[in-house]
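Pasting the structures here.
In what comes next, chain A is part of two complexes: it sits with chain B in the first one and with chain C in the second one.
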Partner chain A sequence: MLVYIIRRILMLIPILILMSMVAFFLIELPPGDWVSTRITQLEMSGVQVSADEAARLIAQYGLDKPMPVRYWRWVEGIVMRGNWGFSMQWNKPVNEILAERVPMTIVISLSALLLSWIVAIPIGIYSATHQYSFLDYVFTILGFIGVATPGFLLALILAWVLFAKFGFSMLGLYSREYLEAPWSFAKFLDLLKHIWLPLILVGMGNTAGTIRVVRNNLLDELNKQYVIAARSKGLSEWKLLLKYPVRLAINPLLSTVSFILPGLVSGSVLIDIVLSLQTTGPVLLRATLAQDMYLAGSIVLILSALTVVGALLGDLLLIVVDPRIRFGRAEK
Partner chain B sequence: MTDTANLFLEVDNLKTYFFLHEGTVKAVDGVSFNLYKGRSLGVIGESGCGKSVTAHSILRLVPSPPGREVDGKILLHLHEGSNGSSTEEIVDTLKLERNGPKMRSIRGKEIGMIFQEPMTSFSPVHTIGSQIMENLLLHTPGISKKEARDRTIEMLQRVGIARAHQQVDAYPHQFSGGMRQRAMIAMALICGPSMLIGDEPTTALDVTIQAQILDLINDLQAELNMALMYISHDLAVVGEMSDEIIVMYLGLVMEHASTDEIFDNPLHPYTLALWRSIPTIEGKLERLTPISGTLPSPFAHIPGCPFFSRCERRIPGTCDAALPPLKEVAPGHWVRCVLY
Partner chain C sequence: MSSQTPIAIPQTPEAPPETIIEPGKAATDERYYYASQWQLIRWRFSRHKAAVVSIVLLVILYILAIFAEFFSPYTPDTRFEGYQSAPPTPIHWIKPNGGGFGPYVFDTVRELDKETFKYIYQPDETKVLPIHFFVHAEPYKLLGLIRTDIHLFGVKEGRVLLFGSDRLARDVFTRTLFGARISLSIGLVGVFISFVLGVLLGGISGYFGGVVDDVIQRVIDFLLAIPGLPLWMTLSAALPRDWPTLKLYFAITVILSILGWTGLARVVRGKMLALREEDYTLAARGAGASAWRIITRHLLPGFTSHLIVSITFNIPGMILSETALSFIGVGIQPPAVSWGTLLQDAQNLTAVAQQTWLMIPALFVIGTVLLFNFVGDGLRDAADPYAR
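Coming up: the complex of A and B.
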């Protein structure tokens, strides 16, 4: 068992190396680079850039070196010094830009995931145990609407309605006065006041999907013989439901954690932009457009690393809850 | 057979229907029989004739909706207290709330049940021991976990699980089919019920294991003086397991007699056809004659004898006009056919 876990963790290393390469090369792929993009911009606004000046800029950012060298310097900086490089667009170290955004992205994604489970699992259980009832139909219809409505559209509408009708600005995660303030209890409360809307919006599509998964899995489980066998022992319906079929119906959710995370991250970019949240999504979008490669590469790498680690955690959790997998893997 | 002291179960004119969009399935349509402690009743018939639904109705396990026990009585003769001064309580399970407390106190404690598929009778994510123990913990007030565990290990040993003190913590996927069925028997019997229902408990097992499990059930039945209801479509097995047999067809009892009588002197054309469709007990491989024709649709509403369309001795105009009653043609031998 332990061997299996250690092997899984060791396997992460080559995966991460590969990912860093892909992230870096993908971002370098489009023609041109940050300096040429910048020079074009300057020239379009009437500023002449001399050849010397251009060469100086190129050398300053290390763009004169071949790509493998640049890649190596970037990776070396990350591994040896925890330095993710320099953002040309922001004129700031990447670390500084991401220090608050990465944790905030994780917090929002995970809370949205948890929230969607807290909402979806009971509804899924109700729908399965009351199949074809009035409320089951209501939830089904709401679910389809939830899946089909783009989150950003709803975000726009809600933000506008809240502002126009109640004068409450949903934009950002903090009120203006707390934006630059150090962390305090008051700032935390302020965050709670703002975070629910993004959580609901980001989690909405996933909630609707999870309801369907729980409902369908549970319907499958409810007809299995072990449920009837457990009932024939004299268990009460609630105990029976929660102890046996529900547990089996929600186990598979754990394995979906891994692909829900990137989905939440990428899917919420538009919502984050609309609500101007301090997450990585909007920064990534702008960095890619401006060919700010260290920033973009870093974000892509961090998000994919988180996804891989998330997948591993999901698998390990599944091993904890499902003895069939536990023994199956340990024996190999 | 009237033996009031040992009478445990009276099923009287049980009707269990399923109300589906496509129509009503009369899965059980007026079945009656009695069951006595220490004796066994075999139920036989082709797939879909209502054997399982009959068994599930007794324990009120029929899924509702779509199913409902629309008529009849299922009387249980329960005995409370010590042997000498026991008081008898008669309960009609059809009058009880389906999953209510009284019905739950009967399930597992008074009546245990073994199912057809040993592979799926246990939850795959809970240990065998915890699932057997649960039964004991539910029905034995004040029992400690330790005591329940010890009794579970004892019971596992009794049903022939080797190294029971270790296997009690095993998961179902670590057990073979035969072992699971043994564990299932342990689960059904751990509370020492007065009655055991076996719904084709050996169909999914290979022949050697099947024989072992049948022996085990027979032994335990004698040991615990239980009433046994044994369901199968395998005549040889039912013959071996039961004192008395009912033959069912489309929710109806076609013939009902003691095992000896029904093997020596089968009367109903359907019973005869069933008998011809199996290899003889002596093992001679005769040419099997499958019953001709196909089972009518469960939604079909047949005014006369339901076997009419497939019967070799049918009398048009008589058999398809009205359903013949179940008639006692010899003492203890009942047949539903106009020929007798």
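Coming up: the complex of A and C.
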């Protein structure tokens, strides 16, 4: 068992290395190099850059070295010193920009995932136990629309409706007075007032999908003989349902985390941009538009790495909750 | 899609059992067998009413896009000086003073509101402008070939703005039709590229197995683990801004396909793994058929219907991705028109609150995506011989 877990964790390393290469490729992609862009930028704002200064910048970023060396320096900086490079657009180290935004992205993605489960599982159970009932049809149709409707367009439409009809702006995560304020209970409450819309929108597609999965799995389980046996022994319907078939039906949800997360993160980046939330999404957009590649590459790497780690956690959690997998692996 | 009436179906015979095909006369019998399979699929599909309606609507949308010059009264760049952000012109039917029946619009007059300093547009009910069909207006080349100046409808004087105008005073209806070109076609082109990659790599992976399979599967695992949008954004932002639209269009399609092929490859590989163990594959191998021939001749036809279903479900994803990228400004660049670039105007909430009609392209995107999903659903039910 332990061997399996260790192997899974070790397998992360090559994936993360590959991801860092992709991110570095992105950083190196735009024509021209960082320093010459920076110099033009400085010159455009009226600062004269001397040849010495230029040479110093080039040496600092190792642009006179070949690409593998540059890659190594970049990775070394991240791993050894936690230095993600410098954003020329913000004129700040990347770390400082992302310090508060990355956790917010994690919070939104994870809460959206949990929320979608909390909503979808009871609905799925209801739909399966009341198959072909009126509400079952309603949920099926809603689910179908939910899967197909693009979150970011719905975000656009909802933000507009809320703004035009009720006059309040759902843009951002905080009201203006809390924007720069330190964390307090009042700020937290203010956050709760804003965060529900992105959570619903980000989780919408997954909610609809989960309803289908739970419904189908539960329908399969309900026809099995152990259910009939338990019922004939006089177990109350609720206890029977929740204790056996439901547990089996929702187990696979954990194993789907690994392919739900990338979509969830993608969706939240877009929705965050539309609602201009204080997360990584809007920063990534501005960085890409300005070709601020250190920032953009870092965000791509961070988001990808978090996704993989999240997927791994999902798989490990599955081992914890599912004895079949736990003991099945242990016997080997 | 099919000329079959639903009444004809009720008791459709099941597909003949596979044993009917004998290796000796495979060529003729196979063709017959597949024909009946497609027939079955068509029958089952036509029973799915929502899917049939959806496919008709989609065909109409694509026709509108292909012949956008004809169906739109203006060109996407026509500007109506003095009519910035004008609301849609409502169409009336019964003419005043017993003028008869027929579509017409009122002329629009613009006034400056002295208090808010905003322009307000009022219909001038004294001026009736009948809508003419097949009118001569701005010349264009139909399909890039036929020189003509006939538009489906238009007014002789004044203007008809079905979806209003944008802040540069261009007709939103015309632009929506022209935008459909890029938005609708990128789905097809992108899925085509993904399809070629997916079938090729998935096929190789599934047929040969071993190390090749392992490598391809790890690559797919890796690509599937990356959140697509951040990667697409960064890649397309790195494209030179001064590229011509066509080049940009293909570059973005390729970028979207980088991750798009993985799902299809998975489907192909899974089916390939299952089918290569079948006796008829063994027989073909025994008869000395090459790997290429076995794959294309014996294996691929076995799951074409599944492929078509996967493709149908992939198209709306591609359309959405393009819309999303263009919408946030890293995809197709203005002056080129796509639904995404049209929606850029809708990013500003205060603007949209006053000019609701700027949201219309969003409805087209959502509608198209829903239609494709309905069609995909119908096809999946129809293509699965073991359904119910």
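By our rule, the second predicted complex is superposed on the first by the 287 of 332 C-alpha atoms of A that agree within 3 Å, B and C clash if a C-alpha of one lies under 4 Å from a C-alpha of the other, contacts with A are read in each partner's own complex, and residues count from 1 in each chain.
To be clear about the criterion, a contact is a pair of C-beta atoms (placed from the backbone, for glycine too) under 8 Å apart; a residue touches a chain by one contact, two chains touch by 3 or more.
Quick caveat, the model's predicted, so the values are computed rather than measured.
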Which of chain B and chain C A:Q291 touches, first, second, both or neither: second
Which of chain B and chain C A:S236 touches, first, second, both or neither: first
Partner chain in contact with A:L18 - chain B first, chain C second, else both or neither: second
Which partner reaches more residues of chain A (counting touched residues only), chain B or chain C: C
First (chain B), second (chain C), both or neither touched by A:S50: neither
Which of chain B and chain C A:N91 touches, first, second, both or neither: neither
In the complex, chain A residues that touch chain C: 15, 18-19, 22, 26, 29-31, 144-145, 147-150, 152-153, 156-157, 159-160, 163-164, 169, 171, 258-259, 261-263, 265-267, 269-270, 273-274, 284-285, 288-289, 291, 293, 296-297, 299-300, 303-304, 307-308, 311
List of chain C residues in touch with chain A within their complex: 222, 224-231, 233-235, 237-238, 240, 316, 320, 323-324, 327-330, 343, 346-347, 349-350, 352-353, 356, 359, 362, 365-366, 369-370, 373, 377
Touch list for chain B against partner chain A, complex: 56, 59, 61, 99, 104-109, 112-113, 115-117, 120-126, 131, 134-135, 138-139, 171, 173-174, 184, 187-188
Chain A residues within the chain B interface of the complex: 224-226, 228-237, 243-244, 247-248, 251, 321-324, 327
